[in-house]
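Below, chain A partners chain B and then partners chain C, in two separate complexes.
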Partner chain A sequence: MVDATFLALSVLTIGSAIAALEMRSLIYGSIALMGALGGVAGFFLLLDSPFVAMFQIAVYVGSIAVLILFTVMLVRRELIFTKVEDPRRRYAGIGLMLVLMVGLGSLVIDSGLKSVTADEPPIDFRLIGEDFLTYYWPALVLMALILAGSVTGALVLARREDVTDEQRAD
Partner chain B sequence: MSNELIDFFIVSIALLGIGIYGLAVKRNAIRMLFAIEIIINAANLNLVAFARFLSHSGGQTLALFSIAIAAAEVAVGLALIIVAYRMYKNVDIAEFRSLKG
Partner chain C sequence: MIELTSTPMIIVAILGTIGVLIPVISVARKEHGSSSFYGAIALGALFASIGYVIYQIAANNIAPAAIFTEDVLADDTFGSLFAIAMLIVAIFTTVGSFNYMRKKSHPAVYFSLILLSTIGMVLIAYSTDLVMLFVAWELMSIPTYVLAGFMKKDPSSNEAALKYFLFGALSSAIIIYGISIAYGLTGSTNIGDVIQTFATIDSEMLPLALLAIAMFVAGFGFKMGLVPFHMWLPDTYEGAPPTISALLAAGTKKAGFAAALRVIVMGSIALSLDWTFALGVIAVMTMTVGNIAAIMQKNLARVLAYSSIGHAGYILIGLAIAPYTAIGIQGSLFHILNHAVMKGAAFIAVAGIVTTLASSHLDKIKGLGRSMPITSLGLVISLLALAGVPPLNGFWSKLILFGAALDAGAVAPWTPWLAIAGVLNSALSLAYYGWIIRKMYFEGETEKRVREPASVVAVMIFSIIFIVGIGVYPDPIIQFVETAVPSLAVTP
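Then we have the complex of A and B:
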């Protein structure tokens, strides 16, 4: 059985995820996305992984959500508050979501995963640091290069002077 | 700890379903980015849950890598959205039609 903390966290996470997609205003949507990402950080704490939880809060809630918030503020006001969508497409999307959830959920419940319980002690986070610096060091260097490249690329893209309204092809 | 692996798995499936719904239905580019973030978080939750219950540090390491790569992806994605917004004065993906034949 699940405990009360788990229930509260799952309600917060799933509710915020739905709100992030369905709120009329994109600004409230990005704040709700922050709630969903913070809820996932709470799940990481429940899973005895405080290091990943801290990383999640620092990177997702701290930087990605704020980056999204600033981009939303750069966009014209009526685009933030209007929602364009096809109702038929919306019902098809809800159907797809339900089929996926019920299908995957019944598959998982029928599998033998129910018998897995945590009786081992939690992993020490020092072990992760050791992993990073010994076995995974090429991946760590590559990740640093990718991050540097992507940030440079994002800056170059966002500061392009030659992109104007006249390039519209219509 | 009274929670079982399957509980975390079911929350992760719910998040995946919501994310796929968002990707399929929304036409706003920023909202599609939200949906992608939700899907990536569902995957990370699964990785950490399995790492806890199988008592192996590999899952947490991979989740940390995944979070860092997701940060890079969001930075580039938002820059692309800004460029498209300056071109079309809109964030509706149905309006981006330079590549349309």
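Then we have the complex of A and C:
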């Protein structure tokens, strides 16, 4: 049962990820991205991590992907870069990806990972919260600074330079 | 829990508070044009931080070498050495930006992002936990993605930011994959615990541990500019504002080496892996590709970008021979400190040239020795130091690196070839540095002296004093570097 679910989730996640990259329409691409992120949430459920799965759905599928969708719908969608397609590079990229996947896959399969049995109870999510406020507290401070930097940086990059402050006030 | 008065936490407090406050002050003042005001605030915070690091070292309040604690950060000499190097680079970038940012938009955010990125760089060097290291890595990277594309109307700045962001995101993904494998194998994110567990790992799990280390090499390798992970670097350094190229070439690159020393070298030794030869091959490839490509460039920023790749190769020699001689890491640390000043000064000189002449093309710098004498002198001294000409600081760090490679030949017969490759590459680099010097001093006759940006002149004077001073009397720095070398013994 788990194998069938795992396979279905794999098809959903990888298929949606490829669709998100390949779709010509940014809106369909964004919807496909939601499918890929939702598939990852399914993997977390299979791994007995409902807390992380819930966050994956709430933050990524529910907020970030929807935000991307709204942004795509609200701004101009014409291409700002000239698209130069080179089929040789495309096939070289696909080839490199396959070699990498086969290499990594065989390495994981050859290792002793198959014999590992996880019979420990799932981690209490309260412990994650406790860890963040005790052991990882400097990392939590840094995350706040990352958000501050990202927000101010994004505002500067997104701000239109051809509109004056007076026009904004009007 | 780590003490609030420890060096890394005080740096976070000073730079974090000022970094967040500067944009708030800008909004409150409703002023957009005064770059010097925000630059002065940022500079004050950076001087306070470097002052505290030096005070902690002088007062003997920090642990010697590189220690692994039960916490996410360690207040040790290894971290402090990198903190000094990165704070010097951040000071160079801030001072150099005073003139560069004049009459440009959003100076407050610009200086704020430099401070936030500096916190990330410094904390990478102090990190003893993989999650902490990754969060610091992101804090270093995200502000620099914005800074690389800060000149929004300049297409080359946009290209620089896009390439840097895409490769940076890929490197972050690879690092987090490595961290997840390491955590899966050991059940801990503490670097000390991971290394201890790696030392006794089951042989069936060894391929996965190997994969984790390979992921770290690739992930950190992107930022360090190691071949074959260097493709993004020349376009980014050329297109980004030159002051930010200084931060990237002299700062973020060194953070990659700090992370590599903490994780890869220690991890490889714990796994009893003979990575030395592979690292040696990458070192030779990196220095050769960097120096040969630099010869073919027509733009000063691009020459410096490729030279930066070459120097990553020299620094890697010390990591490659780490298990055979402790002098190797000493040489790497010394060269990291020197390279931060040499390369930082060279890129700030480029910023001064761009501000004055609006171009850094090699044909435009003819007669620069007459038109901008102080900037030219600073650039020449930096270039000669980068080439390793005595009696400048670069000579001593290269001498220690190459000498260590020869010394390690008694244990590993192939290591002297690293020294030979290093000397040949240094000679090659002297050719293109000499070509630049010739253009500045022996070509062009009609150039008149122009007003040089005062902030660039200040950086040039400091770097000349540092480069010549350390070159003439290197003993104190060498002794300091000796105390920062991590112990490579792993007790299972």
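One rule holds for everything that comes next: the second predicted complex is superposed on the first by the 142 of 170 C-alpha atoms of A that agree within 3 Å, B and C clash if a C-alpha of one lies under 4 Å from a C-alpha of the other, contacts with A are read in each partner's own complex, and residues count from 1 in each chain.
Here, a contact is a pair of C-beta atoms (placed from the backbone, for glycine too) under 8 Å apart; a residue touches a chain by one contact, two chains touch by 3 or more.
Bear in mind the structure is a predicted one, so any value in this text is a computation, not a measurement.
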First (chain B), second (chain C), both or neither touched by A:161: second
Chain B versus chain C as contact partner of A:139, first or second or both or neither: both
Touched partner set for A:67, first chain B, second chain C, both or neither: first
Contacts of A:17 with chain B and chain C, given as first, second, both or neither: first
Chain B versus chain C as contact partner of A:128, first or second or both or neither: first
Touched chain A residues, chain B compared with chain C: B
Which superposed partner A:108 touches (first chain B, second chain C, both, neither): both
Doubly contacted chain A residues - partners chain C and chain B: 104, 108, 113, 136, 139, 143, 146, 150, 153-155, 157
Footprint of chain A on chain C - complex, ascending: 1-2, 8-9, 12, 16, 19-20, 23, 71-73, 105-106, 109, 112-113, 116-117, 119-120, 123, 129, 131-132, 135-136, 138-139, 142-143, 145-146, 149-150, 152-153, 202, 204-208, 211
In the complex, chain B residues that touch chain A: 1-11, 13-22, 24-28, 30-31, 33-35, 37-38, 41, 44-45, 48-49, 51-53, 55-58, 60-61, 63-65, 67-76, 78-83, 85-92, 97-98
In the complex, chain A residues that touch chain B: 1-3, 6, 10, 13-14, 17-18, 20-21, 26, 29-30, 33, 36-37, 40, 43-44, 46-49, 51-52, 55-56, 59-60, 63-64, 67-68, 71-72, 74-76, 79, 83-85, 89-90, 92-94, 96-98, 100-101, 104-105, 108-109, 113-114, 116-118, 120-123, 125, 127-128, 131-132, 136, 139, 143, 146-147, 150-151, 153-155, 157-158, 160, 163-165, 167-170
Residues of chain A that touch chain C when the two form their complex: 104, 107-108, 110-113, 115, 134-139, 141-143, 145-146, 148-150, 152-157, 159, 161
